[in-house]
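Each in structure tokens, the structures are laid out below.
After this come two complexes, each holding subunit A, first together with subunit B and then together with subunit C.
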Partner chain A sequence: MKMLPKILFLVVVSSLAGGGRSAIAELSLLPDERLSEVSGQGGIYLSGDISINEMGGPVENSYFGRCSDAGKKCGARFAYRLKETGGWMVLDEIRGNFAFEGLTLRVRNIDSGFGGDGELFNRDVLELGLPNTVRFNDVRFKIASSSTARPTDPGFQQTDIFSVEMRGEVIMEGNLLVFPTGNP
Partner chain B sequence: MLRSITGKHIWCRLLALVAVLSHSIARAELEGLTESEMSEVDGAGIGLVLENFKFSHGTDQPDINGQQARIFRISGIKSTDGRDVDITVNHLYIAGANSNYGETLTPVNLGRLLNPWRIDVVDGNTIGIDDKAVLEFAAPAMMSAAEGYDCMGGSATAGSGTCSSRPATSSYIGERADIGMQMNVAVGADRSANINIHAKSAVVDGSYLRLWGDDGRRQMVGQFKLNFFSPELSINACSQDGSACGSRIVMSDFALQLAIGNELQPVFLDVDGTGNFVVDVAAIPKPAPGSIGGDGLRGSSDSETWDFYEAYYTNPEYRSNLSIGNFSVGNRDFGSARVQGMLIQHLNITTKDLAP
Partner chain C sequence: MVMTLVNARCALVSIMIYGGLISIPTAYGDLKSLDDAAMSDISGQSGITLEMDLGVSADSVSYFDDGKGIHLEGFRVGSATDPNGQAYHLVMIDIGNDASLNLDYLVEDRRIEFGDIRLAGAPGVSMGGLFFDHSLQGTFRLRSGGALGGSGYTFDSAYTMTGGRLGYRTNGNEFFLDDITMDVEALGVTLDVVGSTLQLRAPRVVGSWEVGAIRFSGNPLNHGVSADVSSGLTLPSYGGMSGHFDLTSATDIQAGGRDGEGLRIDSETTIHSASFLYHDDGNVVALRDITGYYDVNDLRIDVTTDPKGREALGLTLGGVQGEFNVGAVEMGGNGKSLGQVNVSFILEDRIFNGESYRNAVFLQGGGHPDAGPQGLRLATEWSLRLSDLSYTEDGNRVIFSGLQSWGRGDVTVNVTREGVKNGTQFFDGLRVGFEGIKAGYRINGLRVGSDDAPLQGGTELLLALGFYPAYEFELDGHVTLGPGGASGEGITINSDIQISNGRAAIIAAPYDSGSGEAPQKGLWITDLDYDGHLRSMTVDVTEEGLAIVKGEAWSSMDIGNLRVGDKLAGASFGRFVLQKYELGSSMTIVPGGAGEVCAGGVGGTESACTASGGVWENRGEEGITVKLKQILARAVSDDKKNAFTWETNRKTDASGNPINGSGNQLVLNDIYTSDGGDFDGDGVDDNTFGVRTDLAVDVYRTRVVKKEDGADSLGVVGSRGDEKIMDSSAPEGYRYVADPGQSDQANRPLGFAVKAESRFKELSINNIDLVHPVGGAQTAVYGVKMQNFDIKANLTATPIP
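Right, the complex of A and B next:
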């Protein structure tokens, strides 16, 4: 049984013999205590390009359709109710495209900085690095209140409260730090 | 070989034991919780801090082809005569202190590691909402006067006030943001001048939104508290091209403590049958006839009822305050203004659709 690691080592070395001396040096065995000290460079780097109903949603009926059809609504709709038998709050006609590059996610230990708070805090946090700029391409949505969940339901009435339209590069710099708080 | 077989036997037995044990543990765990037990659930909340944060967006002037690189517009509102109202936001920013009305944007920290922004489920019994689990979104909490900081930013030393967020110093960016917005409003084809609103070194410590469900009305209810302190809140109007500006209205040492809804009179949120949004703060129930004496004193009244109303009318937490250190327009000072102890006894707001 004790022979196994040595045999394995030999096989690896011979297979890499043509690869040069540095490869052999890299493959030396790490004792357990050294291995326990290894800490990987944890973290995620994300770039994204997200489109919501840019051409239109999957539903096509008397109300929803393609964005090219002027008589139809093509944005997504999200309705929620605040009372058992009440009407619906609606986030309506959600559409557009936004893109970002360099959203990072990692675990970070904070034990200094923050005007002296870091030293007292001395814990790990989840750090979400904001991507400096987010590119909005005709992002729109509308806040409304409605009598029924779907516009195709009987008795549908809706009051649009306001709508928002955004385009261009939005500056969003900094890190969002997330950590548990309170005493469970 | 013999040793390894016995070893395997022990392993199998252990596995079986674990299986039996975990089975009984799982059964014990699945007991139902009563409503009152449920209401005592108080998990650890989520703390949020924004480090070196800067936000900026706006609307650019159109180029020679009529294209705009950036647009930030709020529309969909109609005037009473049916014309479209369009609010174009030229610039909206959240940045560090000393931004010179949004000209030089620097980063700022929002929330403190030791006193962060929080999203939490709170035991209602600890905040006066009996037997409910309450969802709370809260800004950094206020501190005791011994360890807090002056809310107006006059001093960056501990023990100068009750705010938790610290003002910027030469060595630290602080936790108080400069917030500002420049916008113009168009009604139909008439476009107004640019309106600028800037708040310097703003603090919202002690603000919160609490949401829970009401059994009787089967509805979402809430409680909203907004604290807003700024050493200088200013408003002025400039021409579209920014060449000429009117006098600046400056409110120095601006403090707003707004309380909408409380434990006894929460805010009810609803949409009615015609699709209009309804915000409702119910009136406090009237005392039963005869429970309060003719002279209104405790001696001649039912003591429990009297104490209830005494507590309701004297609780400073239920009241809203607004104070302005100095109000000035251009170079004219109008002195200080103060509205204190406003109690919302009944409120009902319903939106109305003006579209024909």
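Right, the complex of A and C next:
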């Protein structure tokens, strides 16, 4: 017996037959008998673009400023530490934007396909239909280590380890299927 | 049916035909002064003039129905300003050439009141008192011959009411509408008896009204006064209201209640035009250009017992069907509109989840048991069989179709004042309490564009507006509406709400997808226990819009299981607990959406936007913008903190249900915002900026592309990358187009377009722990600090094609 692997997140680079059929119905008030003629499928289709610190963030101090100010950092900063008295790992100067088209989100039942495994699986999953293309534009950040959480704290020292810059398109096809497994 | 008047006292002769009774039928109509021509018609040159001061009081007026009684105690008609005085009445009576009775009347300073309302079978509790103050000037003409011939009557009425005051009093506290003015004109109203039915027909009732202020008094010495008698200060106000109406109505009244004696009412009302405005310090929220209708079928009024056997005045309904259109929803100082709203509905008996529901309210005395003996308890049951809600802005319409709702439980109403009584905390204002309410609602699907568009999924879009597509819950708690906003008039809200055994959908398929009603598949928040508290939240209408400022708010949302699939049997991701603690958070709702937007690019002009690869869009004048400021405060206790917990691998009880707290947990503990330092030198980091989010929501046409070659779920064929174009001539209402031209682009699918910007200076997590039921908590991350974030998004959301 071949079963879908029991992992929490399952990426299936494939498309399966869709869920329920939608149907045409009228828009005036419907009695029960008319409701039975209605069909449809849940879920939404999302498109758009997201940018981070396009012109800078809300903080104006000795470290952060607008992107037009070359002497200041205008990106966002994310710091965390794994020891109570240790230093901080930092993602600094986070900026950029990305755009996508056709990210879908719905719940579907898998009871067929997957070379016969679907019939055995026979469960409901949360399906994220991946957008075919995600366009990245000037996405950048730095990995660093820092002595303090805030760059404005006394004794602040930071070592930039490396920088990342991304531009271009990423092809993301198929569906991300998410379903519970194990003991809740 | 028996009516008794006990210990009545008449100060002077009263001709009650004009004093009390005339104002009742005219209440069905609108209130405009008669023009001179009409006045000359109904006023004779000679007749009788009666001038009198009227004072009537009775210890009790009782109504009996099948042996059960309701007593209106402390009945009085007299002066509104002098408890021992009389009301001035001047009546000129004339008999016209057509044998009509013509009255011109003037009433000054009159109060009609009941000190208390009590049900005979419910000793120790009562509903509280009502009072109605007013001065009237008007005309009344009565002639023989109704709509069906000579055995009936026809009357014309017009009056102006000034100095009106309508109040409700419980346990020494009052909530009342103050400074009411009203003009009503109802001409050609007919009254006929057909068989055993009294038929009242009002072909046209027009009028306008205004409430200067809605006031609260917590001083037992006050009774029907605008200023506190102890301090002399004007009583605080919730704001004022005004409106107009133009109606046609037909009402049938018959004897006979749901059981034995009682009253039956059927009516049909058409709203030709109406408006409703709420005023707050000169700014308004306005519902304009209201039209519609509502038909009441088989409303019965009985003195009876509720399903739990408690004595009550029962109002049970056969059904109500109606539709309302609101042409413009405006708020703020500049008269900008959010758009148009349409609601159609049928309230009638139906079975939900295997239980039968009807529409009924059983009025009882008492209210909240700790608030005092006076108050109102409404044993309530409702069944909304079907409703459609639509929202239109800039000509684009989205319809949420197949809304159903059901529920039953007790609602209590008390006017309360601040303090702890019998162990219960009360607040100043009108307290609406909820006791053991079990209720739910669900939406079947979404339609976009027009009434004949196909029904489809996508109710998840409602999450953007803060509503779950489906929700079942048990509700207890209260909301107390106090007078006064952040400044001047407005509303102050204190509330404590508990929801238990909740089941809410984040994603939901239709409840009827073509083969009859079936359990909705979706992503479900289940086994939900919610405990939420609000203190001193103010609501004001400002120049900008509707401003809501939370004083202190804390809550715990304990999701026993997050299930995928069926809400009862679906597999669970585990338990999630979200705790929130906010100080000074706010929300402002502003009319108007995003306006001109560069989607997918950068630039403030069309050319700059296009050059950057974006699409320049004008999303119109209407829409909604929501400005949020969330101040996440540092933890002060286990109850008051911001935290997130995910628990899995729980042990189960004998019934197989997971035991909360017995599994492994991931805890994000003490999440809080900050301005990034102590700038005011008080030794504590400032926390005034919070997380600020601006959301501009429009209904707008958006590009939707096919993701795969071949037929979609409805069998419409297209190639990957083709655009979905709406086309009413196509069998399924749309088609796929490879390279849409301008005319096709104008028919892109409608959805919600959201322009969002979220900013925070600093957001921190104190610690992230992994908790084992035996080993205890181990800290995995000793602090997270995020700084200087400004995230912008242009998103469009449409139903899945």
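Criterion: the second predicted complex is superposed on the first by the 143 of 184 C-alpha atoms of A that agree within 3 Å, B and C clash if a C-alpha of one lies under 4 Å from a C-alpha of the other, contacts with A are read in each partner's own complex, and residues count from 1 in each chain.
Keep this in mind: a residue touches a chain if its C-beta (ideal position, glycine included) is under 8 Å from a C-beta of that chain, and two chains touch if they have at least 3 such contacts.
Because the structure is predicted, anything quoted here is derived from the model rather than measured.
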Of subunit C and subunit B, partner touching more subunit A residues: C
First, second, both or neither for A:Gly86, with subunit B first and subunit C second: both
Subunit B versus subunit C as contact partner of A:Ser62, first or second or both or neither: neither
Subunit B versus subunit C as contact partner of A:Gly43, first or second or both or neither: second
Partner chain(s) touched by A:Ile52 [first = subunit B, second = subunit C, both, neither]: second
First (subunit B), second (subunit C), both or neither touched by A:Pro180: both
Subunit B versus subunit C as contact partner of A:Asp117, first or second or both or neither: first
Touched partner set for A:Met166, first subunit B, second subunit C, both or neither: first
Subunit C-contacting residues of subunit A that also contact subunit B: 81-84, 86, 88, 125, 178-184
Partner subunit A, residues of subunit B touching it in the complex: 42-57, 60, 68-77, 105, 107, 109, 112-114, 116, 118, 120, 166, 172, 174, 217-220, 269-277, 351-353
Residues on subunit A engaged by subunit C in the complex (per definition of touch): 15, 18-31, 35-59, 61, 64, 73, 75-84, 86, 88, 97, 99, 101-102, 104-107, 109, 123-126, 129, 132, 149-152, 178-184
Subunit C - residues contacting subunit A, complex: 321, 344-346, 386-388, 399, 401-402, 444-447, 450-461, 469, 507-510, 512-517, 521-523, 561, 563-566, 570-575, 599-602, 614, 648-650, 658, 663, 676-677, 689, 692, 702-705, 707-708, 712-714, 720, 732-733, 751, 754, 759-762, 779-801
Touch list for subunit A against partner subunit B, complex: 81-89, 110, 114-115, 117-118, 120-121, 125, 130, 142, 144-147, 157-184
